[in-house]
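Following this line, the structures themselves.
Same chain, two partners: chain A is paired with chain B first, then with chain C.
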Partner chain A sequence: MTEFTLRSNLDAMYTVFLARVRILSRYRGWFLMDIILPIFLAAMPILLGRAVAGTSMEGNFLKNVGTANYVAYMVIGANLFMVVSNSLWHFGFWLRNEMQMGTLESLYLAPVNKIIILGGVAMYTTLRSLISFFLAFTLGCFIFRVNPFQGDIGIAFLFLLVGLIPVYGLSFLYGSLVLKLKEAEALINIGQWVIGFLMGIFFPVTVFPRILRFIAEIFPPTWMNNGVRSALLGLNYFLGEWYLDLAVLWAFCIIMPLAGYYVFISIEKSIKKNEGVGKF
Partner chain B sequence: MFEDVESFYAMCKKQLIYMARYPINFITSFAIVFIIILMVILATTLFIGKEETNYSFNAIAIYGMILFMFLSDTLWTIGYNIRWEQVQGTLEALYLTPASKFASLISRVTISIVWTGLNCIAAVIFVYYVFGALPFKNLIFSTIVLILTLSGTFGFGFCFAAFTLYLKESANLAANVLQFVFMILCAMFFPFSVLPDSVLKISKLIPLSYGVDLFRSSLMGYPEGFPELLPVNQEFLIILLFGIITPALGYLLYRKAEKKVRTDGSLGMY
Partner chain C sequence: MEPIIEIRNLSKIYTAKERKGVFRGKKKKIEALKNINLDIYKGEIFGLLGPNGAGKTTLIKCLTTLLLPTEGTVRINGYDLIKDENSVRASIGCMLMGERGLYWKLTGKENLEFFAALYHVPRKIRKQRIKEIVELLNLEDIIERPVESYSSGQKMKLAFAKSLINKAPVIFLDEPTNTLDVYSARELRSIVKDLNKKGHTIVYTTHQMSEAEELCDRVAIIDRGEIIALGTINDLKNSIKKESVIKIEGIIKEETYNIIKNLKITKKAAISSSNGFSKLTIVTENARRALPEIIKILLENDSTIQYISPEEITLEDVFIAKTGRSLSQDTRVI
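Up next, the complex of A and B:
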């Protein structure tokens, strides 16, 4: 009789993590893309802004946003967007790939708790996102000549780390949608742009009308994005102080993973009862 | 000839059936266009003072986006579809049929080009009504420029399909990188004047840049400083050659790549 100990669970989680890392090592270009893409994303509004406002762009941006450092603002936004978007891509595509390769059902037959498998995938995604974030941010700062050592780096890092937890809760919710509707590509495509829009990758959410702003504010990545930008660029926090904004993110840290996991398990159960998880 | 048309029709029908099985794809592709437009325009407003309004920047971004959507579509649908046939294990089977290879390539993009065209029309209407009037001048000439540029991008698509046969899984990555590289180098969302000199030199080497420049300049009625790269007649000549030569060259490359992988026996391998 197999005995499930903490050690065996951690081993299983590590194995899932290792499998993902091995696949990534065979397709190194994916990782390169994680680093290059935020630079292209940031370049678009920066160049458009230069075209629109010419020499008065810094003054206009300061008036509208609260900082004249529009380059850093866009670079941070684009990089955080990639972190959030990647968590959805990696998780959604992991599920979809397993479905298409026909290995998802076998994975379900393995004598291990689902949370351990999901934990392994989340561990891989976290590590990949964090490494690519730091590399992309450094490269972006170098290309756009932004000083990366400005503002409260410690607080910004705290917002990033704490903000990642609810993002993985969101990816569980996403995973359940992929399980149910199958069309991972379409869902992830729309999801990442909706998220980019709501978290305000190129603009503050204060430009939104009231209802849209409310929706953006019940969305954890918005708080992470605003927290990191405020800490580094001296912008206003939503609630005035950094610890109050961080407290809201902590609340999301409890709500989102629980809600995400609950929805994922419920949908998974209903699918297992009907067509089965392997159908695509 | 008639058989080729028939097989083209059958392949288009198959693509349409396949797309219809994934309706969320249809809906999301519409929604994404609106979200990207909103994001670009909201970002632009941050750089404009309260007293300034300049609709031509909306036009630059929107008309550039139309070409970006077509380019992205061509890269993904021609190139990545070949990859998908490999993954499904149907590519070799397809090659065993006596159907035209050219029809097979073109059919992949026909349905999605029609769909992207509808997306573009919806995007233009959306911007027109939400953000204000867009200039629509020289419509016939702009349409000719668009068709020639599209024909050129088809050529890119064929080249990319050839590349896919060699690259296999990395084709996905290459399509992603290429579309963003072209987005910046061909100044699709902003004027060429904001590109640094070194980047502009590279932009001028890409014929698609002239397509982007002439398409939006003609639609905007050639405001001062437009077209930015060359005079109209010279840009048109480049686009004409681009529209004629690139598809032929791309298809030639594809046939060569195809012959090579068939000889190697790696056509269906992934």
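Up next, the complex of A and C:
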């Protein structure tokens, strides 16, 4: 008889992770795109700024944002946007793909808790996001002549790691919608720009009107983005100290995954009561 | 005998949307399973037969935890379907989606390793288990290749291999010989028999009556969500033995079929046609006595007869006798 041990569960999680890595290795273009896209994304506002403001750009940026290093600001923002974007949408895309391939039913037939499978997928997304972040950031710094070793790298890395956890909570919410609506693309097309806007990839959210700023501040990636930038470029943290901002992110780390998982399980149950997970 | 699957008062109702034009739609409740009561015994090959849309797949999806039943209880290998979901899953091996359900970008071996881990097969015996299955199904030549390069039949074989990975006491096989060539289908049926001899209980769905007759110890015929016949193949055939069957193949018009259907000597009749060629089955009390009158009607109505014979009763005839329809007719409600 099958024994459900901690070891066998961890082994199942690692196998899900390994299968994703193997599939990625057979679509190498995906990874290349992860590295190149943030550079293009950062290049547009940098070049636009240079064209519009010319030599006074650094002064204006310093006055409004608190740093003259607008290039590093954009490179960090664009890279973090890609990290959030990959982590957030990947789960929904994965789910949709499994639905269409018929493998989702195979996963549901296996005697393994869904949290184990989700954990394996999250491990893969984290690794892919972090590797592409570091490669794209290094390449971006090299192209735009930015020193990548400035500021407090340790704290920035902490914000990046902790900030990913609530993103997975959000990704479970998105996955629930995909499970229910059997659609991934339209949701991404809308959500992608809302997220980029709310987390302030090219500007500080302090320039938002009050209501919009409030909405941005209940969105965890905004805190991650601001934390990483503040640590690397010496900007102001929202609550004055890095550990206070990090504490807010920790709170999101508890709330968002629990909320995401709860909604996912509820929708999954309602689907199993009706047409089942096999319909796509 | 001890039941390994106990189904009590199982019902499944779900809501489906009926599309009317681009924007309009209407929700409709579908009663896919109606109060199913069934015991499947340890060590038997049990056949589930019925036309498309009869409820076979819904029943299997309920038994394999993919769908939640609306009412009723199910115990598999002693575990409750709802309360002990993972223990039920560990007790079953499934081949439900044919060649779907595999990762086409991974090799056959990587697929088997993946599912072995999800079924908690310990690492130390995993390699050996996969080797045994690969040898059993003669997959040695293709196992290291990505699944996307497989033929349809090879994918079906790998899907079958996947269902054996956890050496489960109960194996569900949904139309496993679909897309297999004659030789591979025969090979698979022989493996199913061997697995059964080793003590596995097999639940087998098929459209092919000959396959069910060859393999199954008992069968249940499902129609419109209900079990309309249950027993051994001989029991079911004997249940209509006092009747007999005439089979006619040729070009037969719908009106001619209606005339024959409404004859006093006809108990039940069913016709299936494709490309203008028809197969007519007539269940009557005495085939030899009814034959002259039926031939007369066919000739009077310009039918072309290619084959006509009073025949031995098959499971298909049992279905026609019970429902008045052919198994190839779709009974889907939506």
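The criterion applied here is as follows: the second predicted complex is superposed on the first by the 280 of 280 C-alpha atoms of A that agree within 3 Å, B and C clash if a C-alpha of one lies under 4 Å from a C-alpha of the other, contacts with A are read in each partner's own complex, and residues count from 1 in each chain.
The definition used in the following text is that a residue touches a chain if its C-beta (ideal position, glycine included) is under 8 Å from a C-beta of that chain, and two chains touch if they have at least 3 such contacts.
Note that the coordinates shown come from a computational prediction; the quantities given were computed from them, not determined experimentally.
When the two complexes are overlaid on chain A, chain B and chain C sit side by side with no clash. Contacts of A:S8 after superposition on the shared chain: chain C is touched, whereas chain B is not. Once the two complexes are laid over each other on the shared chain, residue contacts for A:T206 go to neither chain B nor chain C. Of the two partner chains placed by the overlay, only chain C lies in contact with A:K273; chain B stays clear of it.
Superposition on the shared chain A places chain B and chain C such that, viewed from the Cα centre of chain A, they span 80 degrees in steps of 10.
In the superposed pair of complexes, A:K63 makes contact with chain B only, with no contact to chain C. Here the smallest spacing between CA atoms of chain B and those of chain C, following superposition, is 7 Å. Counting contacts by the rule stated earlier, residues 27 of chain A appear in both its interface with chain B and its interface with chain C.
For chain B in complex with chain A, the touching residues are 22, 24-25, 27-29, 31-32, 35-36, 38-40, 42-50, 52, 54, 57, 60-61, 87, 169-170, 173-174, 176-177, 180-181, 183-184, 187, 189-191, 193-195.
For chain A in complex with chain B, the touching residues are 27, 29-30, 32-33, 36-37, 40, 43-45, 47-53, 56-57, 59-61, 63-65, 70, 74, 100, 181-183, 185-187, 189-190, 193-194, 196-197, 201-203, 207. Note for the complex: chain A touches chain C at residues 1-5, 8-9, 11-12, 14-16, 19, 22-23, 26-27, 101-103, 105-113, 117, 269, 272-278.
Of all residues in chain C, those touching chain A in their complex are 14-16, 61, 64-68, 70, 86-87, 89-90, 92, 94, 96-97, 100-106, 110, 113-115, 117-120, 122-123, 146, 162, 166.
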